[in-house]
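Here it is: the structure, laid out below.
Labels run A, B, C, D, E and F following the written order; every chain starts at residue 1.
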Amino acid sequence: MFAIDISNIGVTIAFMSVLGLVLSGVLAIANRKLWVYEDPRIDEVEELLPKTNCGACGTAGCRPFAEALIQGELTPANCTVSSSEEIDEIAEYLGVEAGDVVKRVARLACAGGAHVARQRAHYDGLESCRAAAMVAGGPKSCSWGCLGMADCEDVCDLDAITMDQHGLPVVNTAKCTACEDCVDICPKGLFSIQPITHRLWVACNNLLHDEEAESECEVACTGCEKCAKDAPDGLIEIRDNLARIDYSKNSLASPIPIERCPTGAIVWLDEVKGMRKGIEAKHIIREEALPL
Amino acid sequence: MSTAEQQLQVPQSPSISMMVVLSSIAMVSGFLVVLVSQLTAPIIAENQRRAIERALVQVIPGSVSHEEFLLQDGKLLPAEDSAAGESVYAGYDANGELVGIAARAAAQGYADMIHLLYGYDPACECIRGIKVLKMAETPGLGDKIIKDADFLANFDALDASVDMQQMALVNPIIMVKHGSKQHPWEIDAISGATISAKAVGKALNQSAQALLPQLLPLMQQLERQEQQP
Amino acid sequence: MSQRRSDPHITWDSFSEGLWRNNPVFVMLLGMCPVLAVTNSAMNALAMGLATTFVLVASGYLVSLLSRFIPRQVRIATYIVIIATFVTIIDYVIQAISLDLYNSLGAFIQLIVVNCMILGRAEAYASKNRPMKSVVNALGMGAGFTFALLCLGGVRELLGTGALFGFDLFGPQFQPWVVMVLPPGGFLVLGAWLLLFDWLKQRREQKQLAISGEQTNAV
Amino acid sequence: MQSDSLIFIFLNTVLANNFVLAMFLGLCPFLGVSGKLNTAVPMGIATMFVMLVSSVCAFAINKVLVALDIEFLRLIAYIAIIASAVQLVEMGLKKYSPTLFRSLGIFLPLITTNCAILGLALFQTFKEYNFSQSLVYAVGAGIGFILAITLMAGLREKLLLSTLPSVTQGAALSLMLGGLLSLTFMGFAGLGNL
Amino acid sequence: MGIFNLFGAGTFRHGVHPPSHKAATAHQPIRRLPFPDHLVIPLNQHIGKPAKLLVKKGQEVVRGEPLASADGFVSVPIHAPATGRIRDIRLMPSARGEQAMAIILHVYAAATQEVLWRNPVDPGALDPQGMIQAIQDTGMVGLGGAAFPSHVKLSIPEEKSVDTLVVNGCECEPYLSCDHRTMLEHPRELMRGIRYAMQATGVSKAIVGVEENKMDAVKLLREHLHAQSDISVEAVETKYPQGSEKMLIKSLMGREVPAGGIPLDIGVVVNNVGTLAALGKLLPVGEGLTERVVTVTGPGVEKPGNYIIPLGTPIGYVLKQVGYIGGENEFILGGPMMGPSVSDMETPVTKGTSGLLVLNEPEIEQETRRIWPCIKCGRCLNACPMHLNPAYLGLLAAKREYEEMAQTYHLNDCFECGCCSYVCPSNIPLVQHFRIAKAINREQAA
Amino acid sequence: MAKKPAIELRTTPHIHAPQDVIMIMRNVVYASLPMAAWAVWQYGLSALMLLLVVVASCMLSERVLNAKQGNTLGDWSAAITGILLFLTLPPGFPLWMGVIAGFSAIGLGKALFGGLGMNVFNPALVGRAFVQAAFPVAITSWTPAFFDGRFTTLIPSTLTAPFMIPPETGEWNMQVAVDAFTGATPLGLQKFDAVSTPVLDLLTGMTAGSAGESAALIILVCGLYLAFRGMLDWRIPVAVMAGTAITAAVFHFIDPVAYPDAMFMLFSGGLMLGAWFMASDMVGSPVTPAGVIIYGLLIGFVTVIIRLFGGLTEGVMYAILLGNAVTPLIDQVTQPRVFGHRKSS
């Protein structure tokens, strides 16, 4: 029953070797005749990829993906098929840039949460600071202060910003990568990127003075100049009724200038205890929003 | 970059080793495949034969042994010659008497082609049974052509007598709506699977119209061939 | 190719990787065509899974053995020839075992050749690892693939026909959900499995977040 | 309509037995490269092109194999030759028409290892199509693929603008969409039968 | 002439038909409001560079005296609306939201309506150049709402040629009727102003476009024309935003202002009837623009009507004069479709303020509706006079795809008319989205 | 909640057209109730039970699956989905299958994509397409209208035990049918037996079919009500009907014997219901003015093609789903020419 047909085997082997020869021959010739210069790194990166050509990365296959990687359009992690070690390897090959020397983070120049800052009106519309700012500057009395509608939280891809119970954004400095997205989106320009070593901080942006400022917000900078007087020479200056810190003299900074601030608009950012206000600062224990 | 420079950069690919490697691997795999195919060929042939056998028993009631012929240009040839032609199976009872012949038919069903085998009884000039060989109809709907007892009962004795001129069937096999079968050459359709059922009818009609008029004059050959061994 | 720095030892992970963490179907979404096409019954799924595993293991072994000798330009062609050889072999073997099974799997046995997973594994793993390690990994991948196929095939057969591996479970009066064994069923059931896994994953992540969440607000 | 007439073959492969939505062929690109219309459409066109090439190759090779009585080598021969032919086309494109290469060529390697191509070659052989039927089959399959992937890409682009529930993003959504499209295409089942 | 004119009143495609609410004010003559005790006079009441301050804190000024001078060509001077003393120069809330520099003028109780400072010219003797200068000296800006310096608009660059002056008397915003009343009460000034504008631009033809709901004004104006006049008065369909210059030109002349272009590009200059009437009144006597007609109306106002109000009058004072019903209110400067709402009662009436609309509780309740997701109903597409696709723009905005909005969907052609938001059944604040998108695109480009 | 400050800040425009989503949806419910009532009048208690079960299933699914967005039942859209889904089912459809239909309509058709307005396919039709593919026999089992005792007895398949095969209704049909009830829809009769049904019967619902598809006249009146109130875009149904009529007329012209005329095509099957209430669902249809016309014509064309040449007797549902699938492409190629631009770019 299991008769072996020798001639058939012969034909098979002949066919296969001819096939192999022809194919490799054609490829070899094509390789010479049709060769085009390409970035050699593409080959190298492609080598590191799984070459399943599955298209899961959204490109047309592993080679286009490699090209996109080299052009920086995509990141190695876009390849869902590679294991994390493989991804690391590719990232290493491509050379990820070295980390920052001093970490920089986003800082907010306002502390006027709903419990201390007054509202002038009721805003009704798109829940967005940008949108609200375009309607008569927003419902807040203070024209400079945080509107608390979380555009910054929304744009932060790293989830580094969360809104606290008074509607103020809190930056998680561990997650913040100083990408400036929040700086760009805030309609009031309240965010700035600061080296994390800048610890003396004016948490207000209001340009009114005295009672006018205080009537709008209990933690406003009133321009009373106490901090400027207590600080070492030139570290703090009052311009347009607002205290301004000259960070080129950051080495002189200490918690001393915050001590006599009556509203607590100038603060010291402690590594462990977080935001600290001076002893003179009004103690605010109210939790609910201020009435109109 | 000038053409000359470009030429310079052409990599010196190891063409010879490419060819050697690819063709030797191709050779080896060719060898493996041919071995496996030759080893399995008889088993597969046996499997197929048994499958056909089983089907033939179903469509030619009372048959115990079968013989395959090829119908080509109005002549019957033994199946061994691998010449092209329509396969026709003759079924014999225990006494070696011809009890029926079977042939394949096919038509487009709901989803894809329906291939079937049907048995023809020369005695009653009717179709005695069908067996679906291959289909892709919807389970639960189209597959009633296999499972529905009422439908299959149509083929207990489906009239397929050939007219005088031996050119065509006297009455073409037709499909009628469920529950309205009146003549022995009509098939009662399945409600809910009209299309699949119709395809069966169409396949039978086409095949019987083409095959039976050719085959009937050769009936003697079928019997005679059997008596030889 | 200087970056070949994989650990030469066979570890549990070289096997288990394909089972769950990098499951070829649920995670990597490779070889979708056979996954959806043949899973209208658990039996088909099992057969397909085993056939694929066979090809995966055999070609993985051979590729790993030969990869040093194969020039870059003909690598893909060679791998494909190797894979196609094993696929042809398994194709004939299945025909020899059962024609019914062969018929219900259709052309998809032959289409194992183009299952991206096999070529992908040959390239990405077998060509960079020792033969035995490749075999272990291929076994894991194959097992993961088979498992996934069974997940799909089981649900589709159960709802689509009321049976599992051909055993009637709900009695003759059960109304089958024909859609499950039809093409849309394939898409929808796999989609549903993925939804389920995603949902479970998200719930787990949320729980973890809830645990670690308290510390995040410190400035 | 005759089931081997060219028009039937065409309609059937485009709609009723759409390669992607009814036959489960070419799902990897269908799921992977359907995120954006401006990649999906070239991908579809390139696939159709490769289908034509492989249909012709397969038809020729099959004649040789049958003549030599070595049909069991069909699979190996088909895949090896299709892969090489596509690689050749790719290199040629890259050399002689970089623009076309950039828009279509980059998809070629992805397509080679895709079931739709080999499936087409195998099915046309199983169905014993003659040369013109094979060509029409290839064109139909190609157009069917373009149709499916374009619809899918359109839907996915539209859904980019929706607020999807967090669990339905990514592959699960693509599969569900594929399922609904496939459900839609069931309406074409049996088209041309009557 | 556009083909639309073959079928009755000219019009443009799309737009909306909000209820007009004009009856409360349209039939009452314009009245004058007394001076408040102080005026808040912002330095940037116009588009362009803010005016340059001429006065100091504590200085005394007389009505009509320049307080600030034009700072460059695209800028206009500001004249004292009343006699009094400069109390302060400081940041004050503006209608736009940010705090802006403003002069606080303490008005003497004895101050009279008499204008004590003027610089008369003889319009007949002026060449176009001189005419432009004279117009700039009046501090005239577009009173239609945009407050664009009129002299800039009327000075035609060498390389351009203009053939038509379109006078915009549509007043398509609901509630407002100041232009209507101006046409009825000051047709002579208006005609004179049209002549000046024609003289400055050198055009040979002027068309006054008036919506069909003001046929009395059409009739009256036509009575002031001779049979063969180069000025004509045409009625156009009553539809918002018919008064937008692009739409009005389309309706009257069938011409389309090219995208990103201005009417000048197709040989047209558009001025509001109020602008030209004021010009006709001020230019010959050489007075500055110190007051304007404002429609004060809305369900929250006791005595709705059109009032001549000195520029700088805080809206709180205006409301006290006309009497307003308290409770929950919304204060809108201008019409309900385009006017910004304000929250500070010190916000002054400025050159661009055409109306003061007070909505109260029932209207607010009715308009404060839940925002649903876009249901792709396409109503916004059928409303947008610019034929944009606000639905997709809105969806893209929600995903912050601002660049694509501008590049693929022509965001920058949107002039924020609000038709799309008006019809949106899902109450999507589309215009608000678009403003944000434009602002962010501008910032990114800068 | 704190008391609202007395000054309100809102953005332009400060006024809105009176129709909002809830109002539109509520009116669609009103407009679909007469059709549902007619179906109940025709088929009696079974239809009523099916209506209630399907609507309840849709609303419950909406409540559970869209829980993240709060209670979204108030927008009425789930109720519409339920009613319209009911209208597309055969009146004797087993109740348990009705539950599945409702669940898949909301689950697969809507919640998966994020709820109201986000879906790409018409939810009711997704539900029906799902059960049609799942239970193809039950969904093509028609029962006669106006049978005696329809308000006291149930169609035997209605109360099938969950997950079980419904009993054959053929025999029961014979018993209750006043005149010989064939159990075939006008389209089925036309297609398989070349028997055509008078248009008058089609208009008044004296034919077999889905619960709500069989009275074209009522559908037309309800649809026109919505169109006149501006609640639906009249161009869509008109385009669908035009597409159907033109295609049918062309084929009828080619071969009047084999292909029925345009009137029959327009008033048979679910075309009226589909055109007025389902193709017109704005969520799945194009937004552009030119797009809706193309969309409608395409639906009409595909419907006729499936009816004439497909394996199925009815194609409206698949045509609309296809139209939904093509909608994003139509939207892309029919962006309006922006004012002041030479040609759309």
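What we mean here is this: contacts are C-beta pairs under 8 Å (C-beta built on N, C-alpha and C of every residue); 3 or more make two chains touch, one makes a residue touch a chain.
In this text the structure is predicted, and so the values were computed from the model without any measurement.
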Reaching chain C from chain B through chains that touch each other, fewest steps: 1
Most distant chain from chain E, judged by the mean position of its C-alpha atoms: B
Comparison of B-F and C-D by number of C-beta pairs in contact, larger one: C-D
Intercentroid distance (Cα basis), chain E paired with chain A, Å: 42
Length of the line joining the C-alpha centres of chain A and chain B, rounded to whole Å: 69
Centroid spacing, where centroids are CA-atom means, of chain D and chain F in whole angstrom: 33
Multi-chain contact sites of chain C, meaning residues that touch two or more partners: 29-30, 73-74, 77, 81, 84-85, 88, 92, 116, 119, 178-179, 182, 184-185, 188
Where chain A touches two or more other chains, by residue: 8, 12, 15-16, 19-20, 23-24, 27-28, 31, 35, 53-54, 56, 120-121, 124-126, 131, 134-136, 138-139
Residues of chain E engaged with two or more neighbouring chains: 340-343, 364, 368, 373, 392, 429, 432
Touching chain combinations (by label order): A-B, A-C, A-D, A-E, A-F, B-C, B-D, B-F, C-D, C-F, D-E, D-F, E-F
Residues of chain F touching chain C in the complex: 97, 108, 130, 133-136, 138, 160-161, 163-166
Of all residues in chain F, those that touch chain A in their complex: 2-11
Complex interface listing, chain C residues touching chain B: 66, 69-71, 73-74, 77-78, 81-82, 84-85, 88-89, 92-93, 95-96, 98-99, 103, 160-161, 176, 178, 181-182
Touching residues (chain side chain A, partner chain F) in the complex: 119-126, 131-132, 134-136, 138-139, 288-289, 291-292
Chain A partner contacts - residues on chain B that touch it in the complex: 1, 6, 9-11, 13, 15, 18-19, 21-27, 29-31, 33-35, 38-39, 42
